[in-house]
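The chains carry the letters A, B and C, assigned in the order they are written, with residues numbered from 1 in each.
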């Protein structure tokens, strides 16, 4: 054995083995898993259902629409304004109904004047008839004169009724025109805050339900979370289970949730990736939770990770 | 398991005989290639003698030597070496026997060229399980005895033919074998060197209980023989002793 | 005697060099080819070293990491809902076209990381550091790997730097960091963005979520959690070793690469057997006279066999050491370049050692058969 120690080849071979073993060690070392850069959202419950939620106003937002396709002439509010029920929001072009009101007003005045004339005439003819009737009894006037007076009165009375009806008609038309004009002023249907204003003076407002409403009115004093649970996990959810929400991208911002209701209808999920195109992916069960305003700001439309404690034991899980 | 090969516990006339081979028949090959090398050869050598086997080429003397040295199987006949019968011995037993009791000297010396002299000489001791240190000391002693002191670490190729054959003799004797088999030990050497070698071998043969058998056709060495066995055509023709031996030695000079 | 056997071997310098040389070449061929093959195969799983996560959840038909069958967005929440999952995040993975400065199109491997956690983020940042990664959360920001910084810089005259822009699918991408990655089998450079940003870059599809990365809760093993995810969601959850194995198996089953490398490795073995066997046999033949003399002097067949065996094993081990040493030298040279793929594993080293020992055993056996049949009397016919 020892005579090998005198050989260069022996040491070269040993060096070769050592070098290759070193390379094996060097190559088997990979950089450590750097882990997540910020702490991920973790569930406070051992058995839970995870969901994605969206913060919304506690009463559903009102998407203000135009009653009529018309030009917007005036916008009374701006984004963020608080409004009371009945406050004007924006004005549609109302020149045409106003003109009609003016013309109707004029013809009403004229017709009312005519009504006065007609009433006068009836009174005059009735008086004449009374006198002629007395004269005829005294045989001072002929029966022919009496009859003529009678017919004259009847004709005048008929004219009076017609004119009166004409006045009523014009009044009704006037009322209609006024209503029409008032509808063109769009008012807040309830108290709230304007979350979006997508209309500006001089724009044309179509009379249709739009993807982006003209204005979005919501109640931001009390917010709620609409959590979406995959339909396959729907069986794991029950009312009144504790739940917690974490702001997306910031797992330290936690909010305890109170159960409000489960929406009874399972709806197609809207992708919340921020893409404008809607991609129907799966159907989801929506659950509404309310929460108290936490110390940090929460805005309507913000995404949250929701963890809901499971109702049943794990054994109830959906085994495929 | 080892065969008791020590001649001292044999008795009677057999103890005088180092080798007793009777009616040896050896056939090589089969069919047309069949040649009978030994045709019932009888051969015996005594202890303490230097015994020459001579004869023309192809007479079967090397085959006979191979048989009595235990290196070749034979077909018929009986072989006894120092009272131990080699008949029917297993191959491994014969190997053991050779290792202990036989020393070999070859015409071409057959020293291992990559080993130095000490290592070459110590091979038989190492084969017998002697520790290296002891074996090398003994080898050094033998090297001195053959007159090559100071050349311990030389390689065989650095020596002359005569020196190499001396190393071979040292190797053959180092484990103190009772039988030394020599195959043409002087054929490759000049006569001066040949005589020196034969002197060494004669000395070796005088050791008690030893027998040196030399196969040769070199007439220069006949004068060293105690007895000569003459062979021809696979048979032993004559065993020369005393006066006939002297006559034979003179006749060949 | 074994010592003398070694001396006999080492003393014959020419034969020794030839024997060791042949075995060195054979060991080099087998080790180097196996290392390149292992490296190439390892490139197919480089995703799992470039994006780090314990559990990879994919569609249940996905067989390997480079294959994507999109999941539904809500599947992330279904995985999160599994009780032993600590957390789970979405990952986008796709090959997209990017436009370099000179207007040429290059394929890139776009990775979309969950913006909140940036789970699966690059392990080594060359430039930009963690701040660069943080800036991935801002629209249109990307982190590119070194390869991308070179490839997408065509026409720029220098590699991309922080602040440079290029286009992915006609959208602007601003470099906020440069990272180091392991090269991928497909050769595409890596570009990292946030998941949401990746969806903006990628062409619209109904389902965009490629994979979900998950971590087990403390006290649960990855295997156990992966199994539970698979059972409860019907998706396929792999741990990293499982996914690596599945991917490598896929490569074996579906590509011709292993066969071609196997051929070379077998060739190395055959060359080894031929050269070493041949040389050793001629070494034995040359020494036959001496071996015969040893036999005559009483060396048993067992001893002679042991001697030949020691000789064969010595040249084998020396040749092995030199062969793997040369492979290591090759490895040290190519490692900084990253081309060709090169991963030398302990299995490779052991495999080569085993092959070399087999070669030497065969060579020794040839010699032993020859010597065993040798009559010791042959030495008298000289």
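Here is the rule we go by: a residue touches a chain if its C-beta (ideal position, glycine included) is under 8 Å from a C-beta of that chain, and two chains touch if they have at least 3 such contacts.
Since the model is a prediction, treat every value here as computed from it, not as a measurement.
K.L.:
What's the contact topology between the chains, one of line, ring, star, complete, other?
P.N.:
Line.
K.L.:
Quick one: which chain's Cα centre is the longest way from chain C's?
P.N.:
Chain B.
K.L.:
Centre to centre, by mean C-alpha position, how many angstrom separate chain A and chain C?
P.N.:
59
K.L.:
Which whole number of Å gives the spacing of the CA centres of chain A and chain B?
P.N.:
Centres of chain A and chain B (C-alpha means) sit 123 Å apart.
K.L.:
Between chain B and chain C, what distance separates the C-alpha centroids? Give it in angstrom.
P.N.:
Chain B and chain C have C-alpha centres separated by 65 Å.
K.L.:
Multi-chain contacts in chain C: which residues touch at least two other chains?
P.N.:
In chain C, residues 3, 7, 10 touch at least two other chains, as defined above.
K.L.:
For chain B, which residues count as touching chain C in their complex?
P.N.:
Residue positions touching the partner: 62-63, 65-66, 69, 71-72, 92, 95-100, 102, 104, 106-108, 110, 112-115, 119, 123-124, 126-128, 132, 183, 215.
K.L.:
Spell out the part of chain A that touches chain C in their complex, as residue ranges.
P.N.:
Its residues touching chain C are 1-4, 7, 9-10, 12-17, 19-24, 27-28, 30-43, 46-52, 228-230, 232-233, 236, 248-251, 269, 271-275, 277, 279-282, 284, 307, 310, 314, 317-320.
K.L.:
If we count contacts the way the header does, which residues on chain C are in touch with chain A in the complex?
P.N.:
Of all residues in chain C, those touching chain A are 3, 6-7, 10, 16, 20, 31, 49, 52-53, 72-78, 80-81, 83, 86-87, 89, 115-119, 121-124, 130, 133-134, 137, 196, 199-200, 204, 206-208, 231-234, 314, 317-329, 331-332, 335, 343-346, 349.
K.L.:
Contact residues on chain C for chain B in the complex?
P.N.:
Where chain C meets chain B, its residues are 1, 3-4, 7-8, 10-12, 289-290, 293-300, 303, 375-377, 379-382.
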